[in-house]
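We just call them A, B, C and D in the order they show up, numbering each chain from 1.
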Amino acid sequence: MADIEFRPTASDYVFTFGGVAPVRKVEPGDVLRLWSEDAFGGVLQRATDRPTELLDTRYLNPQTGPFYVEGAEPGDTLVLHIVDLTPARDWAASTTIPFFGGLTSTDRTRLLQEPLPELTWIYQVDRTRNVALFEAQRPVAGREPFSVELPLEPMLGTVGVAPPLREVRTSLTPDNFGGNMDTPEMRAGVTVYLPVNVPGALFSIGDGHYRQGEGESCGTAIEGAMDSTLIVELIKGRAPAWPRLENDEFIMTVGSSRPLEDAWRIGQVEMVHWLGELHGIDHLDAYQLLTQISLTPIANVVDANYSAVTKVRKSLLPEVPAYDAIHRDLRARAAGVR
Amino acid sequence: MADIEFRPTASDYVFTFGGVAPVRKVEPGDVLRLWSEDAFGGVLQRATDRPTELLDTRYLNPQTGPFYVEGAEPGDTLVLHIVDLTPARDWAASTTIPFFGGLTSTDRTRLLQEPLPELTWIYQVDRTRNVALFEAQRPVAGREPFSVELPLEPMLGTVGVAPPLREVRTSLTPDNFGGNMDTPEMRAGVTVYLPVNVPGALFSIGDGHYRQGEGESCGTAIEGAMDSTLIVELIKGRAPAWPRLENDEFIMTVGSSRPLEDAWRIGQVEMVHWLGELHGIDHLDAYQLLTQISLTPIANVVDANYSAVTKVRKSLLPEVPAYDAIHRDLRARAAGVR
Amino acid sequence: MADIEFRPTASDYVFTFGGVAPVRKVEPGDVLRLWSEDAFGGVLQRATDRPTELLDTRYLNPQTGPFYVEGAEPGDTLVLHIVDLTPARDWAASTTIPFFGGLTSTDRTRLLQEPLPELTWIYQVDRTRNVALFEAQRPVAGREPFSVELPLEPMLGTVGVAPPLREVRTSLTPDNFGGNMDTPEMRAGVTVYLPVNVPGALFSIGDGHYRQGEGESCGTAIEGAMDSTLIVELIKGRAPAWPRLENDEFIMTVGSSRPLEDAWRIGQVEMVHWLGELHGIDHLDAYQLLTQISLTPIANVVDANYSAVTKVRKSLLPEVPAYDAIHRDLRARAAGVR
Amino acid sequence: MADIEFRPTASDYVFTFGGVAPVRKVEPGDVLRLWSEDAFGGVLQRATDRPTELLDTRYLNPQTGPFYVEGAEPGDTLVLHIVDLTPARDWAASTTIPFFGGLTSTDRTRLLQEPLPELTWIYQVDRTRNVALFEAQRPVAGREPFSVELPLEPMLGTVGVAPPLREVRTSLTPDNFGGNMDTPEMRAGVTVYLPVNVPGALFSIGDGHYRQGEGESCGTAIEGAMDSTLIVELIKGRAPAWPRLENDEFIMTVGSSRPLEDAWRIGQVEMVHWLGELHGIDHLDAYQLLTQISLTPIANVVDANYSAVTKVRKSLLPEVPAYDAIHRDLRARAAGVR
């Protein structure tokens, strides 16, 4: 149960899930303290910086990893517990990349209109007071400049393993291997269950967000370098079809596809199966029960696949710990990790 | 400011938005106490009842109304404040209607597979303890019968006005006129802002749910007759393009369309405009701000259009009351309505 | 077997399917000679005309009808055979309506980008030579003015009956009642089979296109007033779930919904059923057979629902005339109609 | 200008675009004579063969290639001209794979219904008479056994290059790199223009279909081993954003994404740009022109992305040969290739 710190150098960054050699081997039980660069590679630093001038699509969303988990075999379940997420800088950036985002045409929803203007917002971050300062960039005639402090709610946009079927996907993609799901549920205190597709699982993380609304409307959150503390665990077998999450209050599933209803359907069916496993009920009863208790925040409507979360509040149901109560155990161990 | 009680008889039910004469004229300021039948017309009463035997698609989701609001003209904003929703029965029903629901093929997502089995769940409702009893209908070999009590969280699936452009839509449809949006946000304490499309607005309500998860997965919530208390108000002009909601904590918009991402886009753009109006900021700044603070629970993925909600927590932003603080005023008046 | 000519006056136009009284009663066997205005109500006449200045959304796509067919009852099949379509003017118009069309954001695919420029193209029509002249409206520096003559291929964008379930839909909408399907297959020589939903069927036609590509990309074809000659027939019972078409070469089905794959699925399942009926084969065999012989031109990706056509070439299969060979009979009768 | 024959052994097959070493280097101008296995790896041979027993998802759709094209650099345009496609066997297979296909729920459109039955159809192929025999597999009570001969129309389901951005995709996927587009337009006489993303382009082909309807409804065409004769060419620079095709009659574009309307939009915008390039017209004039002349057969609604084709008949427009008339040149050279 090593305590491993890893801070990638520029040459360590990877931009895919799959297709790259591991930076390190880790053991189940290890604590990892990882630094990750922001999704822009750290190059957007001023409100006058323009994405088309500074961003190179080949180097977006650098990942920290991948890590080879000893003993992980296809069909196993990789377990990652997020102990802590701490912003690593006192500023962060967001921007409107032309033809990228939820309320613009894109390379897929390809239309003939002009792109939205390129703008960059630099957020000053006060880590003591736990706030980031939004400042409006486009003055409105006759109005005072607008600014507002928003509470920090750090999360990781990207957590994933190597895909199945020999695929290599960019770190901009969420799918059944996890990846760029961009859900605010990926915060400290959550346990993530991912299917292992290749020996060693080869997981990586990145895309720290100091805060993000559900949907990630414009495509970029309050993007910032992040210090992440994780505990790695492994369950032999029992690989879920799609990513599952658990925190003290909820069990959750994440589906990623297009159109958005398919992302939702994936997460819902995964939850029907999970409820069936946990409570020993038929899938039609689980369907009915889920109908009345499901919470379904959208995660992203901007990435290569859209992602939707299905949540079930654990307190509504009889207490049946998932995966042999590993989340509870990890929470206890996390308390001992500073 | 009359206090009007209306309990429809069987011949009073309507099954459309638009296309029917009003049951009553009301004035802005009036309090309405309305009884509504459940979405099944009250015919599903036993777990052995089968929808294909008992339900007639011509008589689904009976509405209470429509009401003609004196002074309401196209372009105005109808305001409905939900003072109270109280289950009117000590039982409620849910069911799997063949080829209807979110995790089955339908008349639109038309496939060749066999339908899911028809099942009916009758929930016993304890209004004192505020719970409904879910009982699993399909025994699983080697397992105890499963049941669980779920807290009541009464809501209205359907609140709407007559559509624009002379259209008449079934009460199963949500769209820019409101209608069958099926969002759990439609509960006591919420104020609804709807565009007026025809003289008198011609609003109706119905489809009481004693509880519903987000998405309404199987297509039917815990469906029950409801006693609803509303206050009716009217704002001249200022019609929103799509339904807006407000409660003490949130301002909200609801988009309804297919695919689901379009429902989300509609609600998001409506909120971008609303934030711009309230805070005097450019739409690109509102887009950026919304990106970081949006909450986006799905409402339904089962109706003629899918619905998605966009929520913004009011406490995150400078205090600027919407619509001249009419919600606050209505909350105060509601306190005086028993 | 009357021969009826009907040319609506301005006050005769209707803008919905359902919700309006019939202009005339007709009998099965009657020949109808109908004049229809263009989808713009005839108001776009010059290349400088701008849709936002001249078009009123309440008066788009005027229909000629509805006609009450004696003897038509819900569950019956209305049969319309298009004997002839002849352009009624020597000019026609097309335009880019802001936020309407397939390659722009819309009121549903609601985005934040600026609309495309409003442009109008007036086509000079030479009915002798059967061509319409396209002239480019936006000069390109250093290039000659561009123009090209396109062959006329007259079709009706809109053919439909009153909807089921008491609904009234704008004439801009295609659905299971037919309506604004905008398929180039709706040309002279085709027989249309529509489900009857209300007594008398209440069908109407309109939206003449002198020519249209599949998909109707920008939302408006070469729109022109049309002289249509139809024969009306009625089959008792046997209502298809969705519109079916037949010409000398093909049997066809049309599905209309969103997203576009659902429109396709609808038409495909309808064709699986039709092949099963005609050839006495199981639906899985029909599915396999259709997989190898289906032709699937998209009809529209711009209307309230998108439409997709499924075609099967009759000569590929054993000769089994559909609907008791009524198409062949109508073709023979059409030969006798001038 | 070599004339190269290549018949892969079992160990030569590849199952991805990208991520594998080339089997051979070729020069622009070379003629390639390639054998490809069917999409099932040749294992479905009898009507009693069941896909879940015999197919391994890791070994579906084996590709012949990849070939490294000397001189091809990112940004260049790979040109492949299909001289000839000849069925290499006297039988072929099609099947219903559980949860795969257009009229069933899938791993993405994930629902709770039971899968369709697994069936396999073996087609006897008469290469002299150019027909394949369909035989119904599920007898219908009281009906004669049904069979019908269908004309062979050989095509390649899969033609693609290595993807951009370091990605590796399964050979089941169509995207901007081509791949599993499954369009019947990919037949003898067509010239394909693909963007080069990596040095050498690394193209491969496979997935021979002796015949396929548009949409590939059940997910598998009449799948058979194929002898393909190609000419390889290279245009420096000028990479299209998405695959373009040309035959004697049409220029064509192919978009691949989900939902299906996005696949259509991609191909349409690509064609708007192509028309603009060819005819020197503004994109709004090209949009208008395309609206009136576009043909849009769906290619597939079953693969990882859906594909839609946009076609423009060359004879409708002034003669402006695309890519310096390379198609005409290739047709001439093809005539000299036996």
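Keep in mind that, in the parts below, a residue touches a chain if its C-beta (ideal position, glycine included) is under 8 Å from a C-beta of that chain, and two chains touch if they have at least 3 such contacts.
Not measured: the values here are computed from a predicted model.
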Chain whose average C-alpha position is farthest from subunit A's own: C
Between the pairs A-C and A-B, the one where more C-beta pairs touch: A-B
Subunit A and subunit B: spacing of chain centres that average the CA atoms, whole Å: 32
Intercentroid distance (Cα basis), subunit D paired with subunit A, Å: 35
Length of the line joining the C-alpha centres of subunit A and subunit C, rounded to whole Å: 47
For subunit D, residues that touch 2 or more chains besides their own: 103, 109-112, 116, 258-259, 265, 268-269, 272, 284, 287
Interface residues, subunit D side, partner subunit B - complex: 103-105, 109-116, 259
In the complex with subunit D, residue positions of subunit C that touch it: 94, 96, 102-103, 116-117, 119, 121, 134, 136-140, 143-144, 146, 148, 150-151, 211-222, 258-261, 264-265, 268-269, 272, 279-282, 284-285, 287-298, 301, 306, 308, 310, 316-318
Contact footprint of subunit A on subunit D as seen in their complex: 15-16, 18-19, 57-58, 107-112, 165-170, 255, 257-259, 262, 265-266, 268-269, 272, 283-284, 287
